[in-house]
Amino acid sequence: MLEIIFLIPFVTAIAAFFLPRTAGRRLMVITGIIHLFFTAMIWINRPAAMFPGYFGIWSEGLLSLTVISLLFCLISIYTMEYLKHSHIQHENVFIGSLLLFLSTMTMVTLSDHIMVMWIAIEATTLTSAPLIFTHRTPRSLEATWKYVLICSVGIAMALLGSVLITLAMDVGHVNVPVSFSELTGAATQLDPVWLKAAFVFIFVGYGTKMGLAPMHTWLPDAHSEAPSPASAMLSGVLLNCAYLGIFKTNKIMVAAGLGNFSGTILMVFGLMSIMAAATFIIKQTEYKRMLAYSSIENMGIIAFGTGIGGIGAYGAILCLIHHSLIKSSLFLTSGNIHSGYNSWFIDQIGRLPRRMPKTFVAFLAGFAGIAGFPPFGMFIGEMLIIFGGFRAGHYAMIAIFILSLCFIFAGLSNQIIKMSFGDVPEEIKGVFHEKASLVWPQYALLLTSLALCVWMPDILYQTIMDAAMAMSGGF
Amino acid sequence: MIESIILWILAILLSPFYAAVILKVKAFFGGRKGPPLLIHYYTLMKLFKKASVYSTSTTFIFKMGPLVSLCAALMALLFLPIAGRPPVLSFNGDVIFILYLLGLGRFFTIAAAMDTASPFEGMGAAREAFFPIICEVGMFMILLLFFQLAGALSLSAYFTGGHTAALWHMAGAPMLFVVISFFIILLAENSRVPVDDPATHLELTMIHEVMVLDHGGPDFALIEMGSFIKLFFYATFVERLICPVVSANPAVNFCLFAVILLIIYKVIGLVESVMARYRMDIVPRLLLISFSLAFFAFVITLEFVK
Amino acid sequence: MDFIFLSILLMVAGTALCLVIHRQFTLMKTTGVLAISAGCLIGLFNSLIQLFHPGTEAFAAAYLHGFSLSFAIDGLSAFFLVIIYFVSFLAALYSFHYLSTPEKALRTGLSYLFFSLLIASMVLVVVAANMITFMLFWEIMSLSSFFLVVYDYEKPENRKAGYLYFVFSHIGAMMLFAAFGLIYGFSGSFGFDGAASLPDWVKIVVFVLAFAGFGSKAGVFPFHVWLPHAHPAAPSHISAVMSGVMIKIGIYGILRVYAVLNDHHPLFGEILVIAGMISGILGVVYALGQQDIKRMLAYSSIENIGIILIGMGIGMMGVSAGNPVMAVLGFAGGLFHVLNHAVFKSLLFMGAGLVIKKTGVHDMDAMGGLMKKMRITGITFLAGSLAISGLPPLNGFVGEFFIYMGGFKGAGMDKLPLILSLMAIISLAVIGGLALACFTRVLGVVFQGEPRSERAAKADEKGPMMLIPMAALAVSCGIIGVFPEVFSLMTIRGVSALNLGYGDIPFSPFLQMTGNISRSAAVFLLLVICVLAVRYFLYQGKSIPRAATWGCGFTRPTVKMQYTGSSYARSIIDFFRPVAYLCENHPPVQGVFPAGTQYSSHVIDIAERYMEVGIVRPVLFFFDKLRWIQQGDIHPYIGYILLAIVLLLFFV
Amino acid sequence: MIHSVDILLSFVLLSVLFSFGTSRLVVMIRIVAFQGVAAAIAPFFLEHSMSFGGIVFTMSILSIRGIIIPWSIYAVVKKIGIKRALEINVGYNASLFFCLLLIVSAQMLSHKFNLSDFTGSKLIVSAAISLIVAGLFLLMARRNAIVMVLAYIMMENGISLLGAPLSAGAHTIVEFGILLDVLAGVMIMGIMLQSIQNKYVNLDTAQLRKLKE
């Protein structure tokens, strides 16, 4: 009875559309908790799916599901407080779409059938569009328009890719259900040319959604215009879902012995994304866009690591998890900062430790984490990716990788130091009252990342390893 | 050992006399009679009798200046083989020790000068801090050469007994360069013309003399002592270089030494009389010349040694 | 090992407590100081035992499945541990009276926490025995020290300093990642021991990368740009630790990598000697050009790092030229200078900190005459200046003496070693002379003469906890200088851990050298006492009047007429004009009755200048141009998707 | 022998040509509707044995593709009340020329696929490709928001046309899901169109470039 886990939020979402504000908020939090509970159940006893052809549990899916569930639970608690202060007219729409969003993303993590995966991912686009459009401003309208159109077009490409996979099956005379698990088994019989073509389309399609350059163009707009909890969800887990699509397809490629082809593509696009992020982080004027670009950077890093394989793939999955935790906390924090200074511009922010100390701690810790400093998990991930790159002998690429990471750090730290310690106009000096429930979700996220850098449960390690193994990963 | 110590004391006692020789020579060239040869003893006596006036700006460093610079000079002299006889102290690397010890003396002289808050003394201190750097480089160049030849790092390995002659044998002509270069260093380190004019009366143009303006009485005497001994040290150095022979008979040996030393002092006097003091910005050039001489000597001897 | 962990635990836990009780300011400070100093003493004691009873002690713990955090103490680690603990201990004591702003209570508590984290991470870096462990604590070290640098973040220059430091340390860390990644790539293990089996060219690349990475922490010449900004920004006890100890961790890293590569390629030594000469000479020249006293000290740290590198380079050249005496002398000299510099540089930073705290100005030309008001500070500073100028009978001389001896051994050889050791010796001489000029300048301008400003005239030295550490350091300068035997034994232990393949190194030649040094020092002191006696006798029963300084006929001298530090250094700076351009700002005097005018000058650091012109601007330009790709119109965006597909389809 | 579906598909290709030439929205909508119908009933011809469920399913698809989607766009157009879409990046003549080029190249490309052995149709692939690329082209070439939406639908039609023979019969549920997604997408875009019309005076997407870098 696996499907229930995305049916529950679906049902509650429908309910939320018609509920009054407060009830809706409570429902959201409750749903988050239930969802987390069911996820835990899945860890304990792996239940079978009702439609085995379409759904199933695989390590990578389980990992992202856990991340989604945890994040949503914490974010929903944050959102409850957040909604009290922010003036959103159609709050029930917001909550409802948030829950639908959760449901669709859960579906992505569980889907095994290629087309179902596509349906789910496209559904995430549609359910998240209202979230971005929440503020109903021209800017948010523009962002939503670009988001919907670009993602739809991109994902249409992915659909084409999926169709090409079926073509590859027909040409190779393979008669199995069109599900990732089956295809990975029968990968060697698939027609390589069509498989490659399919991968190209699927990669570009889901890559658009994942925010890999040069298809990333919608991402900064969408992330900067959505309300902070929504941006946290988008950046924290939506990108992971898109990545899941690529990951599963890459599994097929590796199984089919085309790992080099797909790996090279992943690495090149990863580097391009990092470079693109560097381009726009330096001299960025709005801090939420800056965070969005840093998400692009991290997606690039993850893609790069996946392409490398070996311990690089392991590092990539670590980066995936920790990026979700840290980046979502950063987006939530950015919401606090906005309420403290009511400006999205970097040069309007300063003296954080004086004005909002709790937020400052979360902000700076999050920055340290995202920049790959210990004791946060990104450190291990990035180190493994670099080591793995050297192991695999991609010296030139690693050189570019390191170089652009340096650029990004130079840009990012400049902005962060300005925001944290810089001067501000007189009128926004003085202490701003911070609600505890607006900071401790961030702390919880950061502490999770920290804890995972200090100690990792064995079962989690096994799961990550299992996922990485599929990419010829592991040590 | 005893002999060495006696020699050391003798050297200390004789140094004022030799310094007076320079005055005599200069006076001769100036067509004057000049002061008696014992003039410096008289001055020292006079100074010892006097008391001194301390500036209100000064601290204990001002009193330490003369003291330390004198001690440094005395110490340096302890390592020096006089008349080719073994010195009191000696160990491998003592040359470096001596050079840095003289540096210590210089440090305190400068510090004492800065202590008085007088602009002129500061000016002198700045020069005193600058020029010796280049001299030291030259010294180290010469050292490198000697090390190439003698394979050791102590004055006694260069100047006792027949060692100096051996140096000449190995190096040959380039040693002349060394002599000249070292003579320039001598002039600079002991603030003689053309680097510095101890006899001038315009403070702006002095180096060493201006730094001791505020010292008086016994303190000043100690400074004078120090400079005499320092000059004696360098002069002996040159003496060994130009007259490496050591006769078996001590009496002859010492007479020879005394005479040659006298000649060197006369030459210094001669230089002082025939030359004018350089402009301050020319001085580094002169010192660089001494360095490059030593450098050439080194490069050329490399060929001989191989 | 347990003691090490115990000390760390003590420090971190104690300082974490500070955050809880930061409301009671004094209590908090007491807790912090006690925790840190207790931890340091335990560690110091233990590491001294480690040092003198050789034999490696190791500890390993599984970490995140598949990795392990492994630690080991050998002679080299122990040597650095001693330095870390010793200096940090005194710095902690110093901080008690130095941090005296109750309104910044929480910030002070945080600074204690990060201070202890810094110490802990330095310790763990030094004892780390595999790459993961090393990088983990290396990054923590950078992070915690960054927070200490921006302690006083209200000042924009401090923010800039923090930024520069952050970026440089991160780039350095990336270099190290690359170096270690290469090692892993070829050996396939996270341990250091795999490095010995690398192919030669890889070893060279690894060494160069590691040198760049560690050099950016140690402040080797082209990578030093952050250092003169960061050290003045940090609180003085932190600058003392950073300059005295933290930058030495970079030196440790170079030595460690050299040891694990276990390759004696001549290039290594040559790189180090050349880099050392450049950093040494330029460092001291720039130091001469500074007005800010702490900036000056920072540059002089660069100079001393240069001396250390020269020593190590001579050592490496000796190894590769098969000349054990030279090798051991070089390494021992380098390590000895590491110890010395830790001692006197932290002393000088503490002194500078006290002076700044009391006078409230950083500019040396606004101080003056402090020797009378702040006697102990002045005397200890004098000792430090003598020591750092490498003058006997203080400690600075001993290390340089070893390096000289090693260098002269090198001059006994031929070809490249000869030329390089020749240059090394010459540059050591130059550095020595310039350092003397530099520190007579500081002493003369800051402590001697007449006060140049009101604040300077009213300065005092309250706060015994600041004076005690300085006194202790000054005394140890003297002790190390006069009795170097035991300390050189320490360095030998460190050298023997470099597995140069000499077995255990005979100690007798060192005993002889140090014996000579202490004997001559004793004779010198004897002489001083005799002359002192003579002088005392001469002044017997004479009246000593005091009067104003003789103004050479000028009857109304003012304090403004004193020789300033800038003018003192002017002629020397001019001599080095090509590398140290003096930038002056001085409106010309006009008219018959000219109005008041002013003069200001500063020396331009060529590395900083060319980093700006050669790296920063081109990169920014490139990215500015690249920003064109995203102009807000949706149509090209869809075009990018198509483009990506079409391009990729070519490779199908 | 010429496959019956090819007649239909040749008309589709023709319609692509039309869509490039016209600026009238209603015509565009009709064209897209026609293509949708074509895409929907193409399998109908390919399937030799047609089950009842299959027929129902095809009918529903046809109704969505051919009626609901175009109708919803049409409603929007009525609401906004504009007849012509004149905001273009590429002129009509150039577009037409490009379209001919496109159809030819699609025809050539379709030989690589050689699907005819299990579809029997010669034109289906080329038609699909030309629909997809034409959609992409219009997305880039036309600045009017409605036309862009229509272009997106056109692209979707193309994809489903390509998918039709491959996924013949199997996983009808899945196809339906895909269709629902497309439908929802179009609906949302319709809402967007109206808000764009409200926020800005017209539907020229060139105005939507505030967010950059």
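Letters are used for the chains, namely A, B, C and D, taken in the order the chains are written, and counting of residues starts over at 1 for each.
Operating definition for what follows: contacts are C-beta pairs under 8 Å (C-beta built on N, C-alpha and C of every residue); 3 or more make two chains touch, one makes a residue touch a chain.
Not measured: the values here are computed from a predicted model.
Note on connectivity: the fewest chain-to-chain touch steps from chain B to chain D number 2. With centres computed as the average of Cα coordinates, no chain lies farther from chain C than D. No other pair of chains has as many C-beta pairs in contact as B-C. The mean-CA centres of chain B and chain C are about 36 angstrom from one another, to the nearest whole unit. Per-chain Cα centroids separate chain C from chain D by 70 Å.
Chain A and chain D have Cα centroids lying 31 Å from one another.
Work out the mean CA point of chain A and of chain B, and you get 78 Å between them. Among all residues of chain D, those that touch two or more other chains are 136, 139, 205, 208-211, 213. Chain contacts: chain C has residues 627, 630, 634, 638 touching two or more partner chains. Listed for chain B are no residues, as none touches two or more other chains.
If the chains shown are joined wherever they touch, the resulting network has some other arrangement, not a path, ring, star or complete graph.
Under the contact rule stated at the top, the pairs of chains that touch are A-C, A-D, B-C, C-D.
Residues 113, 115, 118, 132, 136, 139, 145, 148, 152, 155-156, 159, 162-163, 166-167, 171, 174-175, 177-178, 180-181, 184-185, 188-189, 192, 195-196, 199-200, 205, 208-211, 213 of chain D touch chain A in their complex. Residues of chain A that touch chain D in their complex: 113, 115-116, 118-119, 122-123, 125-126, 129, 133, 136, 138-139, 141-146, 148-149, 152-153, 156, 159-160, 163, 166-167, 170, 178, 220-221, 224-225, 280, 284. Looking at the complex, you find that chain C touches chain B at residues 368-369, 371-372, 378, 382, 386, 389-392, 397, 401, 404-405, 408, 411-412, 414, 422, 425-426, 429-430, 432-434, 436-437, 440-441, 443-445, 448-450, 513, 516-517, 519-520, 523-524, 527-528, 531-532, 535, 538-539, 542-552, 557, 559, 561-563, 567-572, 575.
Listed in rising order, the residues of chain A touching chain C in the complex are 145-146, 149-150, 153-154, 157, 193, 196-197, 200-201, 203-204, 207-208, 214-215, 217-218, 261, 265, 269, 275-276, 278-280, 282-283, 368, 371, 373-375, 379-380, 382-383, 386-387, 389-393, 398-399, 402, 405-407, 409-410, 413-414, 417-418, 420-423, 453, 455-456, 458, 461, 475. Partner chain C is touched in their complex by these residues of chain D: 89, 136, 139-141, 143, 205-206, 208-213.
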